[in-house]
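Next come two complexes built around chain A: one with chain B, the other with chain C.
Presenting the complex of A and B:
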């Protein structure tokens, strides 16, 4: 029986955000928006959900009078992402066998 | 990308992860422009000094003094540009380590430049500078997993060692120029071409997962 995939991560945009952040130290909101081709509003909502789950840290500050939002994956986020990939791998292995 | 799709298949999830990691990996790459700019500046200073030794047009260190002034101007301009430019930013672990090591490189470089002026003189001094370049080229190659720089670093060290055994400033300049060509300019252009190719690939594959 499979472990259930983490519902927080098992969503297109949130998974994309986590996959980006797992590879870097931290990224600005505009960078994530650019890479995921998401709208600012939608991305804000999903980033907030990841923050509420404790998977990412969000820092808001001002630079030259412009708001600057920076996102960084947390230890809990790294663990959740690794678990997600593990379950995904198990699932894909079995799918391959059954095919 | 929207978030309406929550019932992703395993393959779709995997595709998103791969796509995003590949996209982030692009940020780990360097376009080689730093090597190209500094490389050509150092190479020109070396080559013009050698020519000047034969033609005796200006004072021996004229081109190095000019290089020093150009460096200060460039540093000021790049600081101003960095502050003015509003670009989307990301901090990678590789670039963070590279920037920290860059401080160490610059301090060591300055110490050797002072030593050239107050004690060891230009002949041994430029050989030591070349050895430092070799170290920096190796660090870059290792951090960015860039083989041309790793290989080049050994050639640069060989030229630095050879530079310690020559007696004239002209030969030191020839070795220094060669080291810059092998260690900075050639890998810099290779990195630049590879970076542009990978940007092209990334743009083509970025279909908005």
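Presenting the complex of A and C:
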């Protein structure tokens, strides 16, 4: 019996954000937007969903008088990401066997 | 890459994760300007000191090291301008910063120690620290020329203990050339090459 894929992570843009954040200490919103090619509005919504799930921390501050949003993955986010990858690998193992 | 908010299959998920992790790898910022700044500053300092000591026979040959505060000012300028443009903090860049902060403090403490006990045996220790910093930095950046250049400093530091002071100055210039300057230029080339390919 498969564990279900985490619905918060099983969305292309949210998974892209988490995959970016898993390997860095923190990243600015503009960096994530640039790397994912998402629109600011859509990205804001998905970042908020990840924040509500407790997977990322979002810090808003000012840098040179401009608003600056920084995102950082949390411990819960790392665990959820690792679980998600594990479930994906289980799926792929079984589908290879059945092929 | 273009990402949309839609469901997708496990293969696509793994491919996306792989692509995004590769993308962040490419975001490790180019730090070659720091190696080149300190490499050239130290190299110039060594050459000026050697000339003042052996050619001009000037008593205060150590005045050559007034180049250090100038390099320090340029370093601060680099730090401020990098901070303004930095959009992502990686664990590698943070580990590198801590490493060089510790080595910077070590240089300060060494300067204090040698001003008390005499500078005649200072160069082997400086070469040793150049080797420590650049070999670890090279390993963090996964950049072999810097690891090799840095590692060669360990041999050069030991060798420096067997030669007279004026030759130690030239040996230090050589150590800087192989551990900072050549790897620094190669690192810059690697970043340019990487940026061109990712356009």
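To be clear about the criterion, the second predicted complex is superposed on the first by the 99 of 99 C-alpha atoms of A that agree within 3 Å, B and C clash if a C-alpha of one lies under 4 Å from a C-alpha of the other, contacts with A are read in each partner's own complex, and residues count from 1 in each chain.
To be clear about the criterion, a contact is a pair of C-beta atoms (placed from the backbone, for glycine too) under 8 Å apart; a residue touches a chain by one contact, two chains touch by 3 or more.
The structure displayed is predicted, hence computed values, not measured ones.
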item: Overlay on chain A: chain C relative to chain B, clash or fit; value: clash
item: First, second, both or neither for A:11, with chain B first and chain C second; value: both
item: Contacts of A:66 with chain B and chain C, given as first, second, both or neither; value: first
item: Partner chain(s) touched by A:46 [first = chain B, second = chain C, both, neither]; value: both
item: Touching partner for A:26 - first (chain B), second (chain C), both, neither; value: both
item: Overlap of chain C and chain B interfaces on chain A (superposed complexes); value: 5, 10-16, 19-20, 22-28, 30-31, 34-38, 42, 46, 64, 85, 88, 91-92, 95
item: Chain C residues touching chain A - in the complex, by the definition given at the top; value: 1-8, 10-14, 16-17, 19-21, 23-25, 27, 84, 87-91, 94
item: Of all residues in chain B, those that touch chain A in their complex; value: 1-6, 8, 10-14, 16-17, 19-21, 23-25, 27-28, 86, 88-93, 96, 206, 208-209
item: Chain A to chain B touching residues, read off their complex; value: 5, 7, 10-16, 19-20, 22-28, 30-31, 33-39, 42, 45-46, 64, 66, 85, 88, 91-92, 95
item: Contact set on chain A toward chain C in their complex; value: 5, 10-16, 19-20, 22-28, 30-31, 34-38, 42, 46, 63-64, 84-85, 88, 91-92, 95
